[in-house]
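Right, I'll just put the structure down here and ask away after.
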């Protein structure tokens, strides 16, 4: 595969990179917003091409069952978020919270972030994956701090420090993996290529692999926002512009978890190394229960859904931690559903915050009365994220609970306890926001409802009927994950 | 398309496929309601549509029940990918389909009339048809996933209906408590299914039936189902949400929630206990009996203390659910000890009470709804004397009140009589615990029946009789014809099943046989249409003859009086022991009526405390008598839990306001501890 | 041929009950007066009262609804049906299979239900007092009654009154502790249900103490006649119930020839007189109880019934 | 010959750990910067030695970058910035020097135990090298956790990066891509920190992280 061939892989990378350069130059924000949408659409189409013709793996790029789904999901949510961002940005300019120069910077960063994430997903070289994740993180750090208010700076600073420490730990883990591979695979590039590693991992030194996995789990775990390392996530979500919160919650957490899964497969293949399952399950459960309790005292609507993202990342990690065909299938399904639902919710939250010009839950009341579309959209979104059945997330939670309850009743009990506490908190806040005596401005919101309702429709459809092709993929990957 | 011949007709009707298509039509109406909710013409259109579809569903279900058609299944490619969605129409689901769609038909007809006065129709119309669809789906589902999806869909939609009038503070609070308890119930059921499905994920009910669980797992599953279904039905500790949520919904919806949705929860318990869990243990019956007894007495005692009409009816739902679970507990106990006939009697009593309760509870809630529409008041202290202005509603409410108080010619007494006969059969049970528990529960059952009668004397007396206590009650007006027809139909059914209980018992027969393996003797074969629980010698009750007896004796008396006594009649002011015309406030109100009973039962159970505040000698302000009741269950169970969660949330909340350094400390701590783990066990 | 005799005996029972009820009330009043060394009204005074009331004009309150006018008829017919189902001089009557003891109690319950409602209909405070206290008494008396029925049914194996009477007559029954408890409980409940002295004073018209009287305060003329007749019927019912179950000797078995019936009727009259004397003696030897102590009085009845049932559940022989 | 190679590499790696300890001991800001410069010098020496022993010319470039960039430019820039921002001189330590030193020793012991469990087929030099690298990383983290001052936080982060470079160079044949990217990230990191510090400077009069924390979200 010479790099010049115009196949899917190059397209998926070149389009965002090119668009970033172009957008950095263009002054007008309306045109650049449209271009941004166009670029994301093109990337999405390129990603779809993988379904048609899957390019064979090379030293640097790899398309296999696991990441093909995430690439498509990633580009699709990126595309819908760009549509949302186009209408969101318009309002920000009017209220003067962002200047034109900042918008140029914003659109360029948006595309670089998409480039970073796509690179991380399709890279075969674990070092390249590390660089890509680092790049995506740095761009989101900048965008979180774009508003320049006290809280935004503080959130960006916290995100940067914690992110850098996390990424440093991940790098150390990557080096350890290379050190473990080097005596078996030989020096040079081969030691970093994942496909080579996965075949020969049985002969690696188990102790070194264990230490490597610990560092990788904590390093990329910081990016996933699992409990002990979650510090940056709530403030980054709350203070950055909402499209960024949607992308952060919907995509970046998934990309980081994808990286952890890559290394979990490595470790699972080496019998001598310690089983990665219990470690993941422990972290997942801690995040779930911790985030569930933190939801109660939240006063800011975006921070509320940030903690909900931590909770759902906990659920997904717990599912992969439990392992087995059913639980892995549930984990993959949950990742897809969560990114769709959470970004849908953030679309609604973005417009709500703009219409009510506040993010404080206390100042938003009776939304289903004043803004029915937004109000009911949020109600269905929160019902979906809280795991109410007709929506897709219930199916994954159903599978996780039933498959774990037979094997480890206590764990399933704790899992259910976490779910119930989180459900209580989310619904408590939803009641304050969506119902009751309306408060605040009743000006109709000029907003694009398309992305929000598209996401909710997809999640509802997945809850009732999963297309067989998608099911086959997930089952194949579930066996892969071990 | 040629007209299907009669034989094809039966092949085509009474199948899950037809019922599912009706459910889809209902969902279509829901979307229609959402689309044109705000227009005036929308509500009669949607409600009449629902009425038609419910009527069709009712006909099919009735056909399947009466013809005792063999179970038929249907499979759709939806739901869990590798299992798909299974649906099944067997005897048990046919009975509950009849109950659901009977209530749905009545509620739709009622809503055509009273629905017009609904202040926010656009919030009710989209969800009402979906609520009906959800209930029908739950009863038809035949695998764990489809069941739980339709179960929670039903809860979600009814939650949205509870929040129709979301502006009042207590309605949103009621909605929140309701959806939280509903989700607790669903998670309990989820765990129950997890146990039955096993690690390999055999979620279809058919596969669960093939390999029934070991007794230990079956007992755990039963406990989970008792919590799950019990929280929706309103069993003792989990009933607190019911009196909050049911009154908050519009009247025809609260009638459906109380009369019909609680029955869907009973269906779930029966489907688990008698179908999926295999042979029962004897102590299962004991637990269910105990919970049923406590629920019934708690429900009726709290109902006595209420002065909000709809909340009083909701508490009565809790009481009647307790009576139903007493019947189910007896059935489980008898089946565990191999007494087939007795188990059949107990289960028939429970199912018959399910049917009766859905009838008269729906009727009573329609009555309360009519009062609310006419006067805009739910509080009995502001009503009174409505019998003069709303004679028809008063008469129909009286029939419902008489039925729920188990007075002879009506259906309430028939199912109560069967349950008492079942209690009388239980001395043959060998276990000591049951020997001591059943008489006590029998006592509780009798006490709650008597208290129910007292409570409905209060409810009817204070609301309809006496003199109007407020201008709203003074100029109330009768409700539309539609509502009256649906209430009238329900009252007629109460009479029919009261006078001819044999018909209903025979219809339930095959269902009981499939669940318990034995059935009651064919009642219609017995001369004079009387019903006999087990054998002729034991005892028999003939509704028709008693009713005829009363009618003839009344006619005789009327003729005699008409023939011999004087006809003179004079309208005079009330004697009232010589007091001149006292103001309506001197009448007995709901609080004062319940005062003796509160003194007898309330002091310990509800910490009922009365405080009299006399004004200081000089000023003219009126003396006040305040009564404060404490809900022990709420203080003992729910307040501590929410307090604990609040405390934990406060403690953990400090983690949100840490400095960057401390967050790094957390990461550092995690890294070091994991490395330690590796160093020790690596 | 058998049908006609059965029908005649059934109607004879219904007529007998109608005739004897006012007589029994008159007998009790006469005896109580005698105990107080007073002459007392003649035995047939109740009949004269009823005839007088039937001729008098009905003074109907303005606020009274159709329920107020209809309920005397309903109350009277329910009580009359219940009374005619309880065997007085013979068991196994034609209609006795249509309703067992639980149905009879429920019939009385419905009579009481309508009486309480009628009390509240006029909208005066005294009607309220009567109904409220009656509901409290009923809510304790009825469960006690049902527990008594449980005890009797467990001993007799059926809730049908006729079978109970036959079993009770059988010699091998022997003395049973639970039956003793049931008898005491039944007497307590009978006193409460018929508003006799310890629970409520039938003779008084003192507002704050009356229960039954308060409910019928607003009735007059023919309606009051029906109510009075119904309450005396109810008193007769309870006496014949106690007689039929606990003193069953002399009851003619089903399908016996007329001679047996006359002997049964004679014995029944004797039982009535004894009951009347006992009631008069008891009533004049005790004062009325405070309303709120009734709960303990009736609670005792409930506990006795429950204890009786419990003993039978535990050991069939007790 | 191989003995000498091992000994020198071993010496330099140990030296780096020792300097990390000195940085923890340091409680004055300027001193901290000088020790950090020394830390960078020892690192570049070790990298150069690795380049010499492994015969991999690209490592020399990394050594040069480390020496030039981390030993001279960054400390000087930080030095000037401290002067311009008028940051108060001493470094507030939350836990006190002695306990931090004890913790440092414990961490080094932990990294030794963890790394020495590896099976013998991984050659001794790599194992030793990784142990020291892990020690430096943990010490860097310890320093970040126990310092309140934003500048010292950043210096701690830099020392952590040095540990990574030590580990990376220890791995024979690691593709060049990794080293450049590490350097690349250092550069970016530093610029961003600069912007932040500058930005932060604009908003508050101090670079003290503590002052920063009072403005956390949702507090008001």
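Should a chain be cited, it is by its letter among A, B, C and D, assigned in written order, with residues numbered from 1 in that chain.
Keep this in mind: a residue touches a chain if its C-beta (ideal position, glycine included) is under 8 Å from a C-beta of that chain, and two chains touch if they have at least 3 such contacts.
Computed from a predicted structure; not experimentally measured.
Taking the mean Cα position of each chain as its centre, D sits at the greatest distance from subunit B.
Note on interfaces A-B and B-C: more C-beta pairs are in contact across B-C.
Averaged C-alpha coordinates put the centre of subunit A at 44 Å from the centre of subunit B. Inter-chain spacing, taken between the CA centroids of subunit B and subunit C, is 36 Å. In whole angstrom, the spacing between the mean C-alpha positions of subunit A and subunit D is 31. Between subunit A and subunit C the centroid-to-centroid distance comes to 79 Å (mean Cα coordinates, whole Å).
Chain contacts: subunit A has residues 157, 161, 165, 169, 207, 211, 234, 303 touching two or more partner chains. In subunit B, the positions touching at least two other chains are 656, 658, 660, 664, 667, 671, 675, 678, 682.
For subunit D, residues touching at least two other chains, in rising order: 114, 117, 141, 144, 153, 212-213, 216, 218.
All chain pairs that count as touching, in label order, are A-B, A-D, B-C, B-D. Within the complex, the subunit D residues that touch subunit A are 114-115, 117-119, 121-123, 126, 130, 133-134, 137, 141, 144, 153, 157, 160-161, 163-164, 167-168, 170-175, 177-178, 181-182, 185, 188-189, 192-193, 196, 199-200, 203, 212-213, 215-218. Note for the complex: subunit C touches subunit B at residues 54-63, 65-67, 73-74, 76-78, 80-81, 95, 97-100, 102-103, 106-107, 109-110, 113, 116-117, 120-129, 131-133, 135-136, 138-143, 146-147, 150, 153-154, 157-160, 163, 207, 217-218, 221-222, 225-226, 291-292, 295, 302, 305-306, 309-310, 312-314, 316.
Partner subunit C is touched in their complex by these residues of subunit B: 384-385, 387-388, 391, 394, 398, 402, 405-408, 413, 417, 420-421, 423-424, 426-427, 435-436, 438-440, 442-443, 446-447, 449-451, 453-454, 457-458, 460-462, 465-467, 528, 530, 537-542, 545-546, 549-550, 553-554, 557-558, 561, 564-566, 568-577, 579, 582, 584, 586-588, 592-597, 599-600.
Subunit D contributes residues 94, 107, 110-111, 113-114, 117, 138, 141-142, 144-145, 147-148, 153, 209-210, 212-213, 216, 218-219 to its touches with subunit B in the complex. Within the complex formed with subunit D, the subunit B residues making contact are 656-661, 664-665, 667-668, 671-672, 675-676, 678-679, 682.
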